[in-house]
Amino acid sequence: MRYLTAGESHGPQLTTIIEGLPAQLELLAEDINTELARRQGGYGRGRRMQIEKDQVQITSGVRHGKTTGAPVALVVENKDWTHWTKVMGAEPITEDEEKEVKRKLTRPRPGHADLNGAIKYGHRDMRNVLERSSARETTVRVAAGAVAKKILKTFGIEVAGHVLEIGGVRAVETDYQSVQDLKERSEASQVRCLDDQASEQMIKAIDQAKQDGDSIGGVVEVVVEGVPIGLGSHVQYDRKLDAKIAGAIMSINAFKGVEIGLGFEAARLPGSRVHDEIIWSEESGYSRKTNNLGGFEGGMTNGMPLVVKGVMKPIPTLYKPLQSVDIDTKEPFQASIERSDSCAVPAASVVAEAVVAWEVANALLESFGADRVETISENIRRHNEEAKEF
Amino acid sequence: MRYLTAGESHGPQLTTIIEGLPAQLELLAEDINTELARRQGGYGRGRRMQIEKDQVQITSGVRHGKTTGAPVALVVENKDWTHWTKVMGAEPITEDEEKEVKRKLTRPRPGHADLNGAIKYGHRDMRNVLERSSARETTVRVAAGAVAKKILKTFGIEVAGHVLEIGGVRAVETDYQSVQDLKERSEASQVRCLDDQASEQMIKAIDQAKQDGDSIGGVVEVVVEGVPIGLGSHVQYDRKLDAKIAGAIMSINAFKGVEIGLGFEAARLPGSRVHDEIIWSEESGYSRKTNNLGGFEGGMTNGMPLVVKGVMKPIPTLYKPLQSVDIDTKEPFQASIERSDSCAVPAASVVAEAVVAWEVANALLESFGADRVETISENIRRHNEEAKEF
Amino acid sequence: MRYLTAGESHGPQLTTIIEGLPAQLELLAEDINTELARRQGGYGRGRRMQIEKDQVQITSGVRHGKTTGAPVALVVENKDWTHWTKVMGAEPITEDEEKEVKRKLTRPRPGHADLNGAIKYGHRDMRNVLERSSARETTVRVAAGAVAKKILKTFGIEVAGHVLEIGGVRAVETDYQSVQDLKERSEASQVRCLDDQASEQMIKAIDQAKQDGDSIGGVVEVVVEGVPIGLGSHVQYDRKLDAKIAGAIMSINAFKGVEIGLGFEAARLPGSRVHDEIIWSEESGYSRKTNNLGGFEGGMTNGMPLVVKGVMKPIPTLYKPLQSVDIDTKEPFQASIERSDSCAVPAASVVAEAVVAWEVANALLESFGADRVETISENIRRHNEEAKEF
Amino acid sequence: MRYLTAGESHGPQLTTIIEGLPAQLELLAEDINTELARRQGGYGRGRRMQIEKDQVQITSGVRHGKTTGAPVALVVENKDWTHWTKVMGAEPITEDEEKEVKRKLTRPRPGHADLNGAIKYGHRDMRNVLERSSARETTVRVAAGAVAKKILKTFGIEVAGHVLEIGGVRAVETDYQSVQDLKERSEASQVRCLDDQASEQMIKAIDQAKQDGDSIGGVVEVVVEGVPIGLGSHVQYDRKLDAKIAGAIMSINAFKGVEIGLGFEAARLPGSRVHDEIIWSEESGYSRKTNNLGGFEGGMTNGMPLVVKGVMKPIPTLYKPLQSVDIDTKEPFQASIERSDSCAVPAASVVAEAVVAWEVANALLESFGADRVETISENIRRHNEEAKEF
């Protein structure tokens, strides 16, 4: 599978084309809309999330509720596009109109792609950069991820995410009984956190940040359960699935770190306490006593749940201004504000689920075929049986 | 550029083919051998590092000291191959020979690819997995990285790595005056650590681990200086250079985490203390007061040094045994030992340099052309000038 | 650059996302609509071409008439979608509705993807195949090609196509004075043929085929002029530009052959009459006396015009029926008709231009950078100068 | 699967790394050597083919006669390397040595990559181009193809090639009873032609060309039998298998055209005589009365044998000189001779088999999994059964 996304934050629409989907997959707009709504939720979001309730249109590749194998194009319209047609239109405008439009940006915001993007692509109006570098793009990444989740679910694989840390507040009680339990409890929390007490403190931290005109980041975790043994491969560096997942997580806007399993904690423990001992039973085949390695050995899944963490930096758009320089006048100034979320970590956990789901689904289809659901299902069934009896 | 590697730990040789190199690049076997030697050094390595001093042969793509633009094939012979011809030979062997060979492995080691690799590829002898999943493969990744470093150096870009943490011992004094200083000081330390006091403690920790029959991991950092603004791109998720680097780091054997700039620390600081304020001067153009984001905004380089951290778990092969299960008898056992390094973190920092160098060099050629050095050089010169005057 | 297309023949719209475009490229909907109109023209098209005048919407990546570097999404709506919402909708339908819809296809047409596509993807209703395998998809390939042409034109490279043969009638007078001349004269012909007399005979052949309830194919040629020396590369098999072009031509619906330069004629001539002798002059540098090799040596452009031919088989949908088998009843039947063009060769020449333009533009950006037009332009200028003075 | 090749015509060795092979494939050096010998045979080859009998070394990925799933590296040494160490060595040489070496080439040969390659990569000594652009490289493409053939054979798919035309002499009697028959008869002919009378005339034409100091080209055909229905896909232009095969054929040195099935003949026949009628029987499922489309519909295999033709231009190195220009003096001269085959068409048919086999094997693994032979085999079996009962 592969997918490309297109679309600007204030353009008419966001689009993605997903290519390489198996046929006969049940897929409804609702499957995707549910995820879009989850992405728009979470404590700490600004005004925009309220005005736009994202809805997907499936414009190809699905007929009467099932994929045909043809590329699936998904469209999410930007509801406020009508106010932006002049500013963001594809058509040329006159010089007079240009002055009138008044949305030219010559003041790069620290922490954004404004300045380096402008230099790379030769833009004196940095709106040409920020409209694309905006996290609005993650809308269609979540849409693509929703399709990947549907694939996984079809084969009994579940993906769930939650928030471990926001603005220095760490969740302590993060045990869960099952992925279902994890899902329900994170869904019930305004900050998608399993620890009620931490949730409260996180909300306070968000309120405080908002009050300070500041922003805060955090850590999210994604868990995938039911993954067959042997996705990815140790044989070539670029086929390791943990590496692909790391790249996917880091590609999310504002993410600055990734961990698999213990992650950086592994630097502080002796090997005898890191590696997961192997056990076996007639009923369930091979298993592990622990899951410190987060479901990966040699870049391949080992049958244990995948556990992936990512860190999101605070949103770089602050009321509390940072110093920058106007690219036209070269005058220093205090950086402007384009939008106003003070914390996007809960939403980012949904995006993280999406990108992890994509990589796992993709690896699954590589191993078990990608033509149609029934065949893939049978291939996985036989593989799991063989793995058990290995 | 792209490269593939091939070769087993006890096979005749390791091979890599590097494709897409510019012509007219000065490249000597020595450039590569220096890096191979660095990889083999470092306190805490076992016997094998002593017996094999890796030497590269350049078997194509370089003529009279310069690349021709044709693919470069690099070969590193395994010195002890003569003892392994029967065990690892490509030719079929008789059943009698098979019994004699006595290197069949049916006992998977926790933390290795042995078991999941065997299930994936259908091997009852797990030697067929571990010979390839072995970190011996990083030899040619370092070789490919040496070529990438030569590209970067040719255009004034320097890559350096050092060790921040081993077995829970963290370096405190990690300031350096220049990349040159960083290089010299890390080279001078047996554990590639800038902090002398920490170095000593790390060595002690390694000795202790060895004595305990245990192993320890650690954290390495790679710094790249002199990178032009705008490598990578914000426009599509899979073109973000920080994401590619994250994938590359995670693809190194035993790595479990990656950070860019502040990394996970960014979850604990307010936005006002994370984002790097923009300054400007006539002489040097745009710059930053700090480098918390590690040289990246929007997935693109911003002109500041790239700062990448990675964490390596303890080597999974221990004298202190872990429980596992024989795949033939299904009897539990205490996991066997194939080799005996107790800490490979210093060497891993060299591998990390290599894979980061590769990604940066690749992004550089994508932006500035890849046909020949002179043209690329001129393109970079003009770009840097325009960036300064932007 | 890369692009994906999506969309069905009777779905709501066709979509393409083009990724990797340089910024600052002037691009108007009109640039694309002109090409879409050319594709819809040509003698021999059936009813549909009249009812739908394709119009593109640019929904991202272009602002105020210029590309921003962000992905460009292009949408072409299917005008008759309103009549097909039930038949082709993404939403599930009830069993009753299913019966009512009455467009289920169980009778595969020879020459189409109906049967093998149905078997591959597990469709009992072959509409799920033919809606995507339809040549309607070439609409957005032409759109993508229009963008590629704009790139080429910006750097002084011209692409033109014409028809050499239809239904056994070959053009004899095919000389042209310049690409401009070629364009004008092919545009003036109803069958895009330079030879007036042949044009007339081709039209008669089309009329005759229509009368017979039959269809006819033909041969088209694409010429690209002004191409810098050295696009593509001899160093690796999959970087040869002629190979990529061959793949692109063969990927057009109903194409069964490709030739570069003399093509199959080269099997009948001695080497001394095939290879293009090299000449040199102070004013224009290196050139060739002839262009038998169609502008390629070693898979790279050599500065002469590219000359590419492709053959299109007759459209497989005939009034004159072919034998087939109903997949439900297994009864033989005479294959049904879905549409009614009797010859699509003139249109196919426009598609061929598009796919060739894409490959050349892509190779151009690989050699000269892809960030922004001004830099690429300067890089090409310097390259051409150096080539002249080589 | 993917593979890269490296190596120069007079360098120490040719190398290929093949990545993505399934495990448990039986693979012997002999399987590859047989194909290398076939490539070196054929009437009309010059001296070099006699002095070098190519032998492959498998340096990784195969153990005790079976693939492990790890990358397979193949090496073919150049036997005369000892005479070329100074001329082609990777080490720098002094200026004095440079003069002594005397193999500098400043005179580009028409029909070769010499001049455009030199301009692209900035070489004043065109040996830096021709050593790589030489058809010697096809040695390892044949080696990679031999591995692909072994995959196909393992699953009951056979690949065979033969010569249809040389220097204007066309084979007339080209019927064969089975692929086995085709193989045996082409193998028995010195020019790999099924028609004995044409074979004789071809040999005469080659002798005549040699006597004239000229060279001749020809047309080859590759047939693949036993291919499952549905390899490749109609859903995206770059997934069409016929397109990939066209690219592969065109990427062979000196090839200028490709045809699938009827190829250009399809421009001269009405649709009613081109498309292959569909029949069905209880015993064998769906089949076709004819195979005009060469086994492809909609870019996918349809169960009929694949039939691919390619045209090779005459070898551009002639005793009969062509005009060219010395790049140093700019003086015109008569182009020099580097080697002396007068016809390489029979050998080229072996290369064509190799590249077609690769594409088909690759498509096969994409559809049916690529982890291990047993699973793939079972997947194909089930697919073929379902296809029959569809």
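Note that the chains take the letters A, B, C and D in the order they are written out, and that residue 1 is the start of every chain.
Here, contacts are C-beta pairs under 8 Å (C-beta built on N, C-alpha and C of every residue); 3 or more make two chains touch, one makes a residue touch a chain.
Please read all numbers here as calculations on a predicted model, not as lab measurements.
> With respect to inter-chain C-beta contacts, which pair, C-D or B-C, contains the greater number?
Spelling it out, more C-beta pairs touch across C-D than across the other pair.
> Farthest chain from chain B, going by mean C-alpha coordinates, please.
Ranked by distance of C-alpha centres from chain B, the top chain is C.
> Between chain B and chain D, what's the gap in Å when you average each chain's C-alpha atoms?
37
> Between chain C and chain D, tell me the centre distance in angstrom, where each centre is the average of that chain's C-alpha atoms.
27
> Please compute the C-alpha centroid of chain B, do the same for chain C, then give the distance between them in whole Å.
Chain centroid spacing, chain B to chain C, equals 44 Å.
> Touching two or more other chains, which residues of chain D qualify?
4-5, 19, 69-71, 117, 120-121, 129, 132, 230, 233, 235-236, 367, 371, 375
> Among line, ring, star, complete and other, which one matches the pattern of chain touches?
Looks like everything touches everything, fully connected.
> Quick one: which bits of chain A touch chain B in the complex? Just the residue numbers, please.
Touch residues, chain A against chain B: 4-5, 108, 110-121, 129, 132-133, 137, 141, 165-168, 209, 212, 214-219, 229-230, 233-238, 240, 242-253, 256-264, 266-272, 274-280, 286, 288-289, 293-294, 297-303, 311-316, 318, 320, 322-325, 327, 330, 332, 355, 367, 386-387, 390.
> Would you mind writing out the residues of chain D in touch with chain A in their complex?
By the definition above, chain D touches chain A via 19-20, 69-71, 230, 233, 235-236, 366-371, 375, 378-379, 382-383.
> Please name which positions on chain A make contact with chain C in the complex.
2, 4-8, 11-17, 19, 23-24, 28-29, 58-65, 68-73, 88-93, 98, 117, 120-123, 127-129, 131-132, 371-372, 374-375
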